[in-house]
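Below, each structure is written out as structure tokens.
One chain, chain A, appears in both complexes that follow, with chain B as partner in the first and chain C in the second.
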Partner chain A sequence: MRRGAVGVAALLFAGVLIGALLGLPAPGAGLPPLVTAQMGNSGVTHPVTAVLLNFRGYDTLLEVAVLLVALLGLLAVQRSERAVAPGAAVEPVLQTLARRAAPLMVVVGVYLLWAGASRPGGAFQAAAVLAAGAVLAHLARLLPAWSAPRAWLRTGITGGFLVFLAVAVALLGGGALLQYPPAHAGLLILLIEAGLTVSLALLLAGLFLFLSEEGTRR
Partner chain B sequence: MSTGMLFALVGALLFTMGAAGVALPGAPLRRIVAFNVMGSGALLVLVGLAQRGGGVDPVPQAMVLTGIVVAVAATALALALARRLGAPGARAASGDDD
Partner chain C sequence: MTVGLVFDLLLAGTLLWSAWRTLAAPTPERAVILFIVFGLLMALAWARLSAPDIALAEAAIGAGLTGALLLDALGTLRRRAGGGP
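After this line comes the complex of A and B, so read on.
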């Protein structure tokens, strides 16, 4: 009964949505010409990075804050006493593979961070690769699950956001939020991205490792 | 029809499928996955519509990158809540599971 109603509603909704999309007027010039015109002032040469960390830097600042809040919420609903699952058998093939892959993933992460200025890449991609490396190491039982974050982990997780916020506050005198002086924009973006890479990698890994019950050291 | 419009239409279909998955009764995990499908559809519409003209618009691309990361964080929070809901000692989970 409910399935049928949902199915009919979904079909109707899909029809309306597709009709609306097909009825859209042809795209105008939009923002790309504006982005291209200001690329010289952005401090980087890749347009997506320029938008992400310069033209719309406050979006990224708030996004990192959202990530922090999500991790705090996750830690808040996490039960303090966790049943430690009995350790499954260690898989030698997976462990060997993880040992070989981990250094490569660190190299790829650093490369992505550096490449972000001029081609696809950047802090988020680098952090995702690093966090995936941590999750892989955990699944191969090379890295235990995390319990309550200690001081170093708390510093690491919040550090990137604090650096970003410090840069934003320091530049407030310029009149607008995150308006970099063009001469120093490249350096400031690299500083922010380096901080973000470390923090986001710990954050994204934490989303998995704080939830995991396997091999918790307690 | 341009490639961008094709992406947008597929995104609209994904969004609808995800919305139906959220609306149908089911285990929390299935609904979280359906919610993710919905989110992916919305992001695909955003990127697809922006490149109807042929070129790549960096502004929606950056916004979508932001959206993906926020979706990951929201999913992790939802999973933590779902697991807390099913943990021993929690009150009985919603009764409409089938």
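After this line comes the complex of A and C, so read on.
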């Protein structure tokens, strides 16, 4: 009886959602031509990167800030007591594989960062690949879990956001937030993306590695 | 063209099926594995929608990192359930 009522309510809600979706005007009809028209000023040749880091750079800045706050929250709730890592033996095959894969993942990460200017890629994807490499190394017990971050790790984690913020502040004189001068836009975007790649990689890896040993003892 | 359409229909069906199986999985282990499968299929779907940027992000973050985090959480839960250290 109750299940039936929930099912009917869910179906009704789905119907309303579909109706609302069909009632929307044609998606984004006005924006792509605008982006295409302004590509020359963006400093990059890939429209997605142009939107993410130039036209709507503000959104990306806040996204990175949100990720940073998430990691700070994780560090805040973390207990200081640490359990000893369970000394389970790791298969040598896994370790060898991780050793072989990690350098390749670094190369792929740097390639994605560089490719972001002209084709699919960019800081977030590059950082995710680098972070996955760190997680893989950790799972193969080549990289120990992280405890409280020391100075270099703090610098690395916040550095990308601070570079982004510094560029935003430096350009504030121009009247609008993150309005790059077209002549230097490409260089500035590469600088920001390089900083973001390092920071986001440490951030995403940190989400895993700071937590890693937590909770084995309560 | 028709091959593409068949593939898309198959992909959409598999996506819905894997999403349902993830939610209805009897054990957390199976749910996590199915969630990773769902993430990879989702990445394929984004690629088919000619959004390679989102496909890359979905594969790396949605399926890869989230899957690793969920598997790690699963291991921690299992250790804790198994009497603890």
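Assume the second predicted complex is superposed on the first by the 198 of 218 C-alpha atoms of A that agree within 3 Å, B and C clash if a C-alpha of one lies under 4 Å from a C-alpha of the other, contacts with A are read in each partner's own complex, and residues count from 1 in each chain.
The rule is simple: a residue touches a chain if its C-beta (ideal position, glycine included) is under 8 Å from a C-beta of that chain, and two chains touch if they have at least 3 such contacts.
The structure displayed is predicted, hence computed values, not measured ones.
Novice: Following the overlay on chain A, give me a clash-or-fit verdict for chain B and chain C.
Specialist: Overlaying the two complexes on chain A (C-alpha atoms) leaves chain C and chain B fitting together cleanly.
Novice: When the two structures are overlaid on chain A, which partner does A:13 contact: first (chain B), second (chain C), both, or neither?
Specialist: first
Novice: How many degrees apart are chain B and chain C as seen from chain A, counting from C-alpha centres and rounding to the nearest 10?
Specialist: Vertex chain A, arms to chain B and chain C: 40 degrees.
Novice: Touching A:121 in the superposition: chain B (first), chain C (second), both, neither?
Specialist: A:121 sits against chain C, while chain B stays out of touch.
Novice: Of the partners chain B and chain C, which touch A:48 in the superposed model: first, second, both, neither?
Specialist: After superposing on A, A:48 lies in contact with both chain B and chain C.
Novice: Pick one for A:59: touches chain B only (first), chain C only (second), both, or neither.
Specialist: The first partner, chain B, only.
Novice: When the two structures are overlaid on chain A, which partner does A:211 contact: first (chain B), second (chain C), both, or neither?
Specialist: Touch status of A:211: both partners.
Novice: Check the residue A:112 against both partner chains and state whether it touches chain B (first), chain C (second), both, or neither.
Specialist: Touch partner of A:112: chain C, not chain B.
Novice: Where does A:30 make contact in the superposed view: on chain B (first), on chain C (second), on both, or on neither?
Specialist: Touch partner of A:30: chain B, not chain C.
Novice: Pick one for A:135: touches chain B only (first), chain C only (second), both, or neither.
Specialist: second
Novice: Count the residues of chain A touched by chain B and by chain C, then name the partner with the higher count.
Specialist: Residues of chain A touched, chain B against chain C: more for B.
Novice: Please give the nearest C-alpha separation between chain B and chain C in the three-chain superposition, to the whole Å.
Specialist: Minimum C-alpha separation, chain B to chain C, in the superposed model is 6 Å.
Novice: If you lay the two complexes on top of each other, which residues of chain A touch chain B in one and chain C in the other?
Specialist: On chain A, the overlap between the chain B and chain C contacts is residues 48, 124, 204, 207-208, 211.
Novice: Where on chain A does chain C make contact in their complex?
Specialist: Going through chain A, the ones touching chain C are 48, 83, 86, 112, 120-122, 124-125, 128-129, 131-132, 135, 139, 204, 207-208, 211-212, 214-218.
Novice: Contact residues on chain A for chain B in the complex?
Specialist: Going by the criterion above, the answer is residues 2-3, 6-7, 9-10, 13-14, 17-18, 21-22, 24, 26-27, 30-32, 35, 47-48, 50-52, 55-56, 59-60, 63, 66-67, 70-71, 73-74, 77-79, 124, 200, 203-204, 207-208, 211.
Novice: For chain B, which residues are in contact with chain A within the complex?
Specialist: That would be residues 5, 8-9, 12-13, 15-17, 19-20, 23-25, 45, 49-50, 52-53, 55-59, 61-63, 65-66, 69-70, 72-74, 76-77, 79-81, 83-84, 87 of chain B.
Novice: Give the list of chain C residues in touch with chain A in this complex.
Specialist: By the definition above, chain C touches chain A via 52-53, 55-57, 60-61, 64-65, 68-69, 72, 76, 79-80, 84-85.
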